[in-house]
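Each of the two complexes below includes chain A, the first together with chain B, the second together with chain C.
Then we have the complex of A and B:
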């Protein structure tokens, strides 16, 4: 499996920020009379960590939902890997290498940690169902091969001890980690993380930051994340996009965004005169 | 003390992914198979084999079918009876149209026919969920039974509408259906077919296709976002579930009652099988067997208990008490363990691992 080898031998220079991977161009999204996104444009470059921040209701999650095909914007175009995409379904985005996690955990509660991560790998599994029913020869080999890959993810995320535990029984922080594992199992090119650190304590946040940075550095995965913890955002991201009321306020490196007067006013509520 | 995996180390993923990874379970399963294959045909009376074991096996197969659809893929269905009828009538048409067709091939093809019908009636599942889907499958239940009763082509223009299954042999003179077939031959044929199909079902639910079904059941939005195509996955569940129900229907007609009639597959049959998987355990192949055993065996035990205890109760009273006790037990089990007998069995095993210590 060439795909497996690729992940096992990380390139040393994957951290070089490359070309534009995803370009969002003048996207507008309405829900009835509500403008969730208003003429938003930004770019995600290869191998970078892009943070999308903004107050509640700014349209951050809607933006992620647009990127992975869950919402269909009324105006604007999305260009992914040089191809402008037409209206598409989420599973097509997954096939193109876009994986994501959710703000409120969306794990498969009835399944074990291992099964959840194995499910994330299903696009790489090609045996027909009758071979799976016989569970013999190629089907069993495929199952074991992907089990090995998933065990590597389990090692990476340090969740060996909960491998066979049904995820419904796990504490919140671990569930978040399993969900990250499920997204990683697909070996995504672009990983969308919706508030990966929401509701975590300091230690869990530190772990999660470490995982995100490691994923970015070792696998060269491009990451777009939404986060409210400004300390985390300013520390780990290469670039920050700020949204407010569906409009883009700022876009740039963390330091310039931090001192942008529009951002400061949106966050701190400085009075306009 | 007896049931502990201590000292049984797994050195390969293949061993860790086995259906029965623990040696005690392997021994237990081997013993159950030995009883089923050797003790039952030798020691079991004709009555025991024909009216208890064969219907138990047929119901188990139908319950596996419904469990794939409802327990694993999360699509509620009330059309089980109709899909069984499809299998029964397809088997009848196939065996009468092609008398030389081997009975095994005929049974599998009738499963395929039921699967095709299942796909058609599964199409609404993309748009509607839960109880609403159950109502849509109810349409299949009433329409198909009506169709089989009204169109004389299905019964080969028989005047009475009730037709008997033709005698067929597996090889040579070894008859498994019709008047020549011995109960032992019929029982062993059913047992083998059900055991093989149950193994295949277990393999499917522990492979990629089973994980796709469970993903759709647990969180359909997340499933779609990791690349599962909802319609295709739901239809595959409908097809495979209907295949199992179809084969079960054909077994019912050919091996249990010996007659093919639409009335045997009415809405009550669908509910009966739904009860089996709810009591046995949704999302468990073992649960299908436990549920079928509970529903088939318990009424028989209840009706015989007063006689065995020597209580002077009239037969009419016994049958009333039987219904009341049966209903009470179902309610009791659902309150004590809503996840069914399979979950009770798992809890029992977890406790047994630690016994005699509480934790």
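Then we have the complex of A and C:
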């Protein structure tokens, strides 16, 4: 997987949380009269795994959508890699190394697994289209290089057997994995995962956890994820941000969040499975 | 009554058997006309694939492109310059359409976009004729029109040129869609807007590209149809013939548009020649729609369209 490595490759145990990579500052987002996000601020630091939790409708997905530019907040700023903006645009976010997956899987259903993952490399292809159409010299080399890279991702995620299968036909758990593969293909600096384990069985969840940890450790990718499974969240994340009704309730390491009374009453205490 | 039944069920086949050369001529003629239908259908498929919009204005775009091409020729431009200038006009049209029509309607239901393209149809019809007038124009770019004899079969050489042109166009589009970054992005956008945005595909430039390509296809179709029928308002109506082609081939399939066009063209000519007299003639006008209706009963997704599976 050498090709997937970012600038430095911290060893599994010496992973260091670095500087602030992304800072959202006093973000507010309205839909008509509904306040989806209310004055939210938090930071994501380099190489960490940040979990965003909260009950349904707390604004978690809205937050991810703001970060990658699907939603434009009415107030507040987003600082990513030292540059402050009042809004991101999806194209801009992708070009600057933010990749994501979706809660309800957004794959290209008619395409094969390999093709889906190849779309993740689109921004890295630079040969002019007539060269690509003719599959000529440099364009051919470029295509082969990207193809090789995607095969490495396929190996990493252990989905070799479905390489050529149209993803619409795959079971849910595998679709989630392909979607993760497409996000990885862009070699993201910041990876946003919206409920990566929703609807999975125990075994699939274990696999997914392992992939997330490996991505974080081996490639140093910063990860912000939304998840409902508290066991998973407490296990894999370095820090947890808790949202409720668009407000931020808590922000800190898993242990301190778990014992925060406000969090317990708002979320953990309300009979969550 | 007996005579009628025999005219329908016996006489046509007897005559096919007795004059096989004539049958081949009719068939080839029909296939080559079918290629021209495919050209128009292709424009519909491109836009439908990439944006889910049924572009009612495709016919008007054919007329619009043909008007500009004929107009430029009349103004004394050489053919290649007129071709280039009309191509520029079609690309400009794509850019303006994206800005003025599509962008404000992002995320609206398909029916809204469909209505918008109806509006675009009227605009193009009016605007094109306002600039170039409504007289019938002639496009003569030196395509030979004499019949050729190949192994005793008479074939119109214009039809052959049309067929070859369409073939080249389709091959080029197939390469473009399958092997280029833009092609991959187009397929991605067609499949899922949200996912396409998240991997960094700029939706708006993709739309401009699709509409430009559809505009260029319309230009080619306009030149071919214009040379054979003359550039006049009825050219926009030829596009209606693309509807049964689309139903047959599937709205999302480029090969489907080609095969659908060939089937419609061939069956139309054969129907007209062999069954027309018994049914009072001029069945060419509705025959294609009949075939499309029968097809809808058995294969609503078309020959090559994506099968619609609804999970309950």
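Everything below uses one rule, namely that the second predicted complex is superposed on the first by the 250 of 273 C-alpha atoms of A that agree within 3 Å, B and C clash if a C-alpha of one lies under 4 Å from a C-alpha of the other, contacts with A are read in each partner's own complex, and residues count from 1 in each chain.
FYI, a residue touches a chain if its C-beta (ideal position, glycine included) is under 8 Å from a C-beta of that chain, and two chains touch if they have at least 3 such contacts.
Since the model is a prediction, treat every value here as computed from it, not as a measurement.
After alignment on the shared chain A, the placement of chain B and chain C results in a clash.
When the two structures are aligned on the shared chain, A:186 is found in touch with chain B and with chain C. Applying the stated contact rule after C-alpha superposition, one finds that A:30 touches neither chain B nor chain C. After superposition on the shared chain, chain A has more residues touched by B, the comparison being chain B against chain C. By the touch criterion stated above, A:108 is placed in contact with chain B and with chain C alike. When both complexes are overlaid on chain A, the residue A:245 reaches neither chain B nor chain C. Once chain A of one complex is fitted onto chain A of the other, the partner contacts of A:147 are limited to chain B, with no touch recorded for chain C. Residues 68, 70, 90-91, 93-95, 99-100, 102, 106-111, 115, 118-120, 122-123, 125, 127, 129, 132-135, 182-183, 186 of chain A are contacted both by chain B in one complex and by chain C in the other. The touching residues of chain A, when paired with chain C in their complex, are 68, 70, 90-91, 93-95, 99-100, 102, 106-111, 115, 118-120, 122-123, 125, 127, 129, 132-135, 182-183, 186. Those residues of chain A that touch chain B in the shared complex are 68, 70, 89-91, 93-95, 99-100, 102, 106-111, 115, 118-120, 122-123, 125, 127, 129, 132-135, 139-140, 143-144, 147-148, 151, 182-183, 186. Interface of chain B with chain A (complex): residues 12-14, 17, 200-201, 203-204, 206-212, 214-215, 217-219, 221-230, 236, 240, 283. The residues of chain C lying in touch with chain A in their complex are 172, 175-176, 179-185, 187-188, 191-192, 194-202, 306.
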